Amino acid sequence: MAAGDPLLVLDKVNKRFGGLRVIVDLDFQVNEEEIVGMIGPNGAGKTTVFNLITSIYKLDSGSIKFRGREIAGLPPHKICHLGIARTYQLVRAFLKMSVHDNVMTAAVYGGAHELSSKERTLSALELVQLESKRDVIAAHLTLSDRRLLEIAMGLASMPSLILLDEPMAGLTATEIDNLFTVIRATKEERKFSILWIEHKVDAVLDFCDRVGVLDYGAKIADACPDEVACDPKVIEAYLGEPPT
Amino acid sequence: MTILLQVLINGVLFGTMYGIAAIGLSLVFGTMRIIFLAQGSMIVLFAYLTYWLFTLLGIDPYVCILISVPVAFMVGLGLFYTLFKDAAAIEDKNVSLLLAVGLMYMVDNLMLTFWTANPRFAATSYASYTIRIGDVNISFVRLMALVIALLAAFVVFYFLKRTRLGTAVRAASADMQAVKLLGISSNWVMAVAFGIGIGLAGLAGVVMASVYSFDPNYGFTFALKALVALALGGIGNVWGALSAGLILGVIESLGAYYIGAGWADAISYAVFILVLIFMPNGIFGGRAAVKKV
Amino acid sequence: MASPLLEVRNLSVSYGDVRALFGVSLTVEEGLIVALVGSNGAGKSTLLKAVSGLIYPTEGEILFEGEDLGRTSIRHRVNKGIVQVPEGRRLFPNLTVHENLKLGAYLPRTRAGYKDSLERVFSLFPVLRERQNGKAGLLSGGEQQMLAIGRAVMAQPRLIMIDEASLGLSPILTMAIFDLITTLHQQGTTILMIEQNVNMALKHCNKAYVMSTGHIVMSGTGEELLANEELRKAYLGRRAVTGNQGSGS
Amino acid sequence: MKALYRRLGHKGLISLGIIVAALAALGTLPFWLDVDASYTGYYLFITCVYLTVAQGWNLIAGYTGQISLGTHAFFGLGAYTMAGLWLNGIGLYFFFDVTLMVVAGIAPAIVASIIGLLLLSRLKGDYLSFGTLGLAQIVYVLFVKGGKITGGANGIYLDASYFSSMRVYYWVALLVAVLATLAVWLLTRSSFGLALKAIREDDISAASHGVNVLKYKVLAFAMSAFLAGLAGSIYGYYLFHLEPASVFNMNWLFYPILMVVLGGTGTIIGPVIGSLICSALFAYGDIYFGGYHPIFSGFLIILVMRFMPGGIMGLVSKAPALWRKKEGAVATTTPE
């Protein structure tokens, strides 16, 4: 499990909704300790990829391997236990529960670990700097705190891969900065991998080791940020036909 | 053989009421996503109205249709605007479920107080008249029930398919938000669907009073049967709901004959649970009535 | 000077604690195609929803031909001629094409000219005439978008607001849809459209607004914005621009 | 004492005091009130039976968000299990046999687990409710048609000579109701409760945070069936004559629901308040209004759901909302 070893491998993954092919023959890989971005225009199928990885949707064909083990078809909670955590674009924390109980739930049920769930809860809250708000009901948090809360919930299960679904959406520039600082610092300490889907390209290009681009459910680019930014296919996907 | 045929025909004729009630439930569920558990109680209530109109004023049950269906429609509109309008708008469907439960409980017990638990029946002069075809006896009033059910299904079908408002009702069961964006009042669409649902309960009430003896406790059982028919037929399918009602009638009738009277209920609920578990789209396909986890 | 067809003044909208629009102002003059571009979450759809009456603003006003729409109903606005083509088309898949169109002309005002509107839609989108008795859910993506626009045309709109017409369509189909929108415009309908396909939108509009995180950050004619380096930056970030120059393309 | 104060705080200590005082008063009631002569004895007994069922329904519906409509089947199953075993000489053969009562709870819990695995894995929302309702009706028919085994529609008779005083009934029902409330309270405050609440809030999100949604739904369902069955066995001891029409009566479904929603769904005190109020309405309503009170209870469900779906506890928690908001605001603006 050294840095750089393949962690999550998607192989020829396909998904249809009715007649519509949402994901088309997608090959994708995330390695240990890597930060990978997945970008693409609205409707390109990014969130669907997450839902396939976390088994909320069943895939039509293809395989998804995590540490060499096939995970497609496992129930969602098993996937969490294996070490994949995720956040949602529209935050899905448990709104009527306190911050502490939210993280505690994720810690208790996130699988067996050396550290007790209490210790993991505290350390997760510390990492995202939400200790002072531990007794606040999640519904009373600001959007940016809710995002941090979801990240803390993810951290509580000691994942080796975190899936971030548009964590910047709806945040102001300062809040985004803060979120990044937190993610960067946490990643330094915990050494997990990140797969991050985002609509806004700028931040992903700055932050990630590698970026995949999705358009109409198919991968049109997968390279280092600099290369992706210059790829005419990517520019076309974002801005429409190339300017003449 | 003759007996089997007789049992089958009785089943079909009995199932007509389940069918009418299921069409009503389907309309309400399609637009409001509410299972209206008080449907059976409303049917019994309108059966009592028919019974009263017949015994007190001497109005023939079939003439009663002209009174009780419009009244039931208005009652439906009233119920929607006073009770279900707000509940339909919120995500938590438990509120509307419990509203229907409360309504059922209140109506059942009101009827119990007014009319006692003694079975009633609109004993018309032609109630015992039977038509004999070959070796099979067909009760006139039951045959009329089938005719009425078919007519009702056709009217509802025509309304949904051919009228502007009916088209809007069908559209609303697919996408309420999009309906709103066309300038159509979503509340009115739901109210009309609810009104027709209760209107059909009014019709089923007339049929019930003219064919069977009934009592206040019958409502709940009946609502459950309508629900079974709805689950069998799949949501949003008028003919599916009617046919499922008939099939349920046949299943019960066969069960009562071969296994014993009194087991019919258990058999239909068993069918219900099996359908819920293994065929959530109903036997006629149609749209998923059940959200899978 | 006559008041513009649509004027949005200082509009703010919040979803609970989350503010989506911060004092947005824009005008749409009669007879123009106006484009609203910006990345996901910029507030474009929110603005459209506020104009069509799906949500009410917390602050600011929306004027249509000088009349403040305030907290009037969607029905009132559709009657005035403000019709939205929602994102994702929102067709009724189990209804036929013809039934979908019929519902577009639901309000009494539009029923009188129902036959003419239908003719107009069918001449704009001949494929819909061919498939009028088929279910809407069986149409292809491009045809569905045509039907969504056609359904709005049935309401005899003064102003059509189109949310992401090109979403999920191939480049060729996107081109076709834009041509149809242009035709619609030439027939005299005012159009306000939201687009992610910035190049296409800017080429086809008279005027455009660029939105970012709930604010309008740029406005101008399509040509002006197309030539604007800042716009590319807003979309792909600094690297994209420098990268492009670096590679000498 | 100091340690206790530190743990509970000011408010907690007051609540604890009230609870201890109330329990002491209720526990010693038969010593200063003749529960056999006074109607109050029956009222409190039946309240406790209802409360036990209500807390079970509260656990599955209030805390887990799954509306079950099969409670009366579990109640009746409990009553019949106790009576059947007793008649066949199984158990320790004394009145209010603890082992029989526990078995009377376990039997419906097993049925609930089986049906729960089938229904809860595939259905949610309304259809779960109707699946449980259909199941309940099947159970009812099975007992009516059960012939010699169940005594059919006439039911079965226990030896009524065991009846000595209402005192025993009162104490047993009170003890069970208190234990049921305590158990639900402890469960919902444990990690088990975290899973239930998470499922109620968002079951997909709960699953992706590692909660085995089906397992906890079934466990909660079985637990609620256990409590219903336990209450059923107590009522069975009181009836001596068990017939399907009385122990499978829909009242055992609707009244507990009414008590929970009136008091406040998903709160621990709500069902207690709700059952005290509703049970008073029914028990005394029977005296003063004859058989009309079910009409009012139906009406009451409608009123509560229409105007205060949060129940009494919902109103209570809304009252100090201003104060609470301030508290929340302070917390959110001081991250340091």
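Read from first to last, the chains carry the letters A, B, C and D; within each, the first residue is number 1.
The rule is short, and it goes like this: contacts are C-beta pairs under 8 Å (C-beta built on N, C-alpha and C of every residue); 3 or more make two chains touch, one makes a residue touch a chain.
A quick note: this is a predicted structure, and the numbers were derived from the prediction, not measured.
Note on interfaces A-D and B-D: more C-beta pairs are in contact across B-D. When chain centres are set by their Cα atoms, the one at the greatest distance from chain A is B. Each chain gets a centre from the mean of its Cα atoms; for chain A and chain D, those two points are 42 Å apart. Chain C and chain D have CA centres that are 54 Å apart. Each chain gets one centre point, the mean of its Cα atoms, and the points for chain B and chain D are 33 Å apart. In this assembly, the C-alpha centroid of chain A lies 49 Å from the C-alpha centroid of chain B. Shown for chain B are the residues that touch two or more other chains, of which there are none.
The multi-chain contact residues of chain D, meaning those touching 2 or more other chains, are 213.
For chain A, residues touching at least two other chains, in rising order: 142.
Taken pairwise by the contact criterion, the protein chains form one closed cycle in which every chain touches exactly two others.
Applying the touch definition to all chain combinations yields A-C, A-D, B-C, B-D.
Chain B meets chain C in the complex at residues 164, 167-168, 170-171, 174-175, 177-185, 236, 287.
The part of chain A that touches chain C in the complex is made up of residues 18, 20, 41-43, 142-143, 166, 169-170, 172-173, 199-203, 205-206, 216, 225-226, 229-230, 232, 235-236, 238-243.
Across the complex, chain C meets chain A through its residues 17-18, 20, 39-41, 137, 141, 164, 166-168, 170-171, 174-175, 196-201, 213, 226, 232, 235-240, 243-244, 246-247, 249. Chain B makes touch with chain D in their complex at residues 34-35, 83, 86-87, 92-95, 97-99, 101-110, 112-113, 220-221, 224, 227-228, 231, 260, 262-263, 265-266, 269-270, 272-273, 276-277, 280, 289-293. Per the touch definition, chain A reaches chain D in the complex via residues 54, 56, 75-77, 79-81, 85-86, 88, 92-97, 101, 104-106, 108-111, 117, 129, 132-133, 135-137, 140-142, 145, 153, 157.
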